[in-house]
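Two complexes are shown next, each including chain A; its partner changes from chain B in the first to chain C in the second.
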Partner chain A sequence: MKKEFTDEEKVLRLWDVEEVRKVLNRHSYYFSNEQREEELDALWVKEPENQKTAAFGVNTGYYVGMEEIRKFYVDYRRKQRMEVLEKYHEAKGTPLDDEHLGLGCAAMHTATTPLVYIAEDGKTAQFQGYQAGFQSMGKPDGTADSFMELGLIHCDLIREKDGWKIWHLELERDHTFPVGENYAAKEADPSWPDPLSADFGEPTDKRTVYDPFFGWEYMFQDMPRPYETMTDERSYGPEGNLGKPYYIRDPR
Partner chain B sequence: MKKKLSFKQRLHNAIGSQTVEEYKARHAYLHGVGYSREEWDYMWLKSKNTTWAHQFGRMVGYDEVYLNSVGHMDNMCCHAYGETIRHFPQYMGHDIRSSGSSGLHVLASDVIEVAEDGKSARASYLTPGTLTGPVGFDNVHRSGVWLWERYGSEFAYVDGKWQWFHEQVCPDLAGDYDTGNWAHNRYLDFIENDCTVGELGGRPAQLTEPGLFHRDYTIVQTVQDTVPAPDPYTTLKDVPDDKSYSPGRWDPTDHVLVEVKEKAVANFDAQMADNPFGKIREGDE
Partner chain C sequence: MGRTFDAEELLGRWEDQREIKNLMGRMSQDYTLKKEGGMFSKYWSSRDDVCLGINTGWFTGPEHVKEYYAGQAERIRLESSVIAKAFPKNFEGKTEEELYGVGMMTYRPVDTPVIELAEDGKTAKGLWCIRGSYSILTPGGPQGIWEWGWFAVDFIREDEKWRIWHMQYLREIDRPCGNQWTGPWHTYEERPEFAAMKDYQEVQPNQPCTLRETYSAERPFAPSPRVPEPYGTFADTFSYGI
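Right, the complex of A and B next:
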């Protein structure tokens, strides 16, 4: 039965929705600006139990636990960016140091069209959004590899002592296409590789969390909705249903 | 003069405003996957004054909106799926309506006003839509289209629940990304190919009020103000017709209806007399 809330509870729940949106918008800012370590420290779960079950998902699987997430989201990205810098170093002698890391690179990752629900028990929240963004990697010869990026965002947040924190974040990459090319003229090929699939790294829990060839097939089942309390089934973490076909979700 | 609202009234209106955001987002995602029933059954008001308008005119009454937006849409989805699995058998076993979808009318720049009487809400949005898919309509290529639109939406609070009452969709420009000059290419399509102003929205199965309600971009048009952003207001009845997203249909209880002079079930004809490019193609000018 649907819970009745007092007026004060209603006000707080309205405010919670705004706070949840703000967390994901802050994520977008940090993510775009490559301030990944700062993001993990500022926005992600801090309580030890939550840190163990935290998860970062990409199309090809999940990174589970804050230690694994940090290795991927911060260290692996640093390696990617250092590879870009090495080309400048070889061509122009640019120093291989933190001050020059990110040279020639730019990105924007938005979190548009937010859909947010707070659990009736007030302990967790679920967010869905859509990322329309880009990445651009410069080269020492003055050219750049530039891509548009489109995809869904699913996120579970959990309330800790100092507010809402990201617990499970799943970034589902739909389309990556080089700018200046007619995407609608490209072949509809199920094996067409994402040009930036290196960004997915090597997840610790490898499985298909999202297959862009089948797109948003389970949107109705996966999108957030009013709910009483978080369950494994509802979760956007590795225990949840993202990427699973209907006959696994609901076996007969 | 603006009325001073009590705490309870302000809370009610704040919940209304956030519900509008929730409904618009739910609609955007469900529409993206062709799950029409799941939005019209849950969110829409079952009233004779319920309307849904597009370039091609206005559907009037919940039944007509449902016929077009659910029955007609589902029919098109099933046909499209039937064709797609001939080319890509990988889609067998996958959802008829939603598999392969990933296009979204991205929501931006919302202006939401809840009436002082707390019985209705009005909203305007802009959308830089990204209509992408791994398999396009031709079942040969991917799809990748920008679709820039604006929306005017009205909601009614009936039986203790916020319900979607009126929608007017206004497409402004579309084109393949990431190539070419969308605006100029569209002009060339108007004069050289089989393209007509008013055809960005497809064809409904039935329409009570056909007409060219909003023009897609041409180089001969002036600025359109079809769905102006809502101003603060007292009650839906007081919104002037030139600001309303469904003129005259302010009553969600069906006691006051707009008379439809002809019981029209007309199909939209894009070759109407005021269409600037229809005549050029026919060689009249």
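Right, the complex of A and C next:
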């Protein structure tokens, strides 16, 4: 049964929706600015029980628990960025240090088209958005590998003492395409391999969280909807249904 | 940030945020409608210390900010007249007003807002991503440009309305569509019907500086403008102005 809220409760829930959107938008800036460690400290869950069940999902699986998330989101990314810098180092002697990390690189990640619901019990929230962004990795010869990226964002947030925190975040890559290349001239490849699939790393819980070839099969079912309380089934974390096609969730 | 607001106050602050979002949404639409010429009076504060920062420097004070927008309008007028002359059959009998903005397309949508309203309710700060495209008329003809960047804005409440006080409009990617984002800028061979664009000069900032280099493979990593943080009064936070 749908719960009735007082006017005051409605205002507080309205404000909660704004705050949830802001958390995801802040994530987008931290993510783009490579301030990943700062993001984990500022926006993600802090309470020990929530830290254990926190999850970061990519197309190929989940990183579970803040320790695993940090290893992937911060350490693995640093390794990727260092590999770009190494090319400058080899060609031009650019020092391999923090000051030069990110030379020739740029990224923008956005969080558009937000859909947000606050649980009736007010303890959790669910967010879905769409990410239209780009990444560019420079090369010492002055050229760059530049890609536009499109993908879904799903997020469960949980209310902690100091506000809404990211609990489960899934960045599901739909499509990555190189900048300045002629699409029509490309050979058709139904598997459409993601040229930036190295970004997914090696998830600790490997499974299909998102297969862009069948994206339409889960889009409808995974949209946030009004809900009373968080359940495993509803969760965007590893205990939930992300990545399962409709004919597995609801056999006919 | 320490103050707690009751429900009535929160509702007022929610409405303030909505007005600020609407202001930015309207400004974005005005680019599409080629209404740059009216933006200063419509959106900006009447204060003497307004300023606009673009990649190549600052326009400081109302007169210089107005000059920036007047320059944008002048370019639209010139491009319109050059296009109309190049394709006389299409535009026969049209007035200058009817032709204003013809053949141009600017989409400067804004998303991913982070808005912080001061606890005292007198000012606000916001950061938005821009993910758009625009066209310019070059001596070789019309050219489409990908644009990625940010609007970073300080707002001030003036006569019960939110107005722009300081704004940084910064481009990160500003490159011709269909081309790589590095290397020489792609140009088309000059054509006599568009030769008038050769002598066109953009209005330059009165305080030129490199506020932001656009992306290149030689540029050190450059994060977005600083993201707004909760604050009490404007004196407690940073400014997007000069």
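Here, the second predicted complex is superposed on the first by the 241 of 252 C-alpha atoms of A that agree within 3 Å, B and C clash if a C-alpha of one lies under 4 Å from a C-alpha of the other, contacts with A are read in each partner's own complex, and residues count from 1 in each chain.
Going forward, contacts are C-beta pairs under 8 Å (C-beta built on N, C-alpha and C of every residue); 3 or more make two chains touch, one makes a residue touch a chain.
Everything numeric in this text was worked out from a predicted model, so none of it was measured.
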Partner chain in contact with A:128 - chain B first, chain C second, else both or neither: first
First, second, both or neither for A:223, with chain B first and chain C second: first
First (chain B), second (chain C), both or neither touched by A:176: neither
Partner chain in contact with A:190 - chain B first, chain C second, else both or neither: first
Partner chain in contact with A:11 - chain B first, chain C second, else both or neither: both
Partner chain in contact with A:214 - chain B first, chain C second, else both or neither: first
Partner chain in contact with A:235 - chain B first, chain C second, else both or neither: neither
Which of chain B and chain C A:142 touches, first, second, both or neither: second
Touched partner set for A:112, first chain B, second chain C, both or neither: both
Interface residues of chain A shared between complexes with chain B and chain C: 7, 11, 14, 112, 132, 179-180, 182
Residue ranges of chain A in contact with chain C within the complex: 7-8, 11-12, 14-15, 18, 22, 25-26, 28-30, 32-35, 100-106, 108, 110-112, 132, 134, 136, 138-144, 146, 179-180, 182
Complex contact set, residues of chain C against chain A: 7-8, 10-11, 13-14, 17, 111-115, 127, 129, 131, 148, 172-173, 178-183, 215-224, 227
In the complex with chain B, residue positions of chain A that touch it: 7, 10-11, 14, 17, 112-116, 128, 130, 132, 148, 150, 174-175, 177, 179-188, 190, 192, 212-220, 223, 245-246
Residues of chain B touching chain A in the complex: 7-8, 11, 14-15, 18, 21-22, 25-26, 28-30, 32-33, 35, 38, 87-88, 90-91, 93-95, 98-102, 104, 106-108, 128, 130, 132-136, 139-145, 176-180
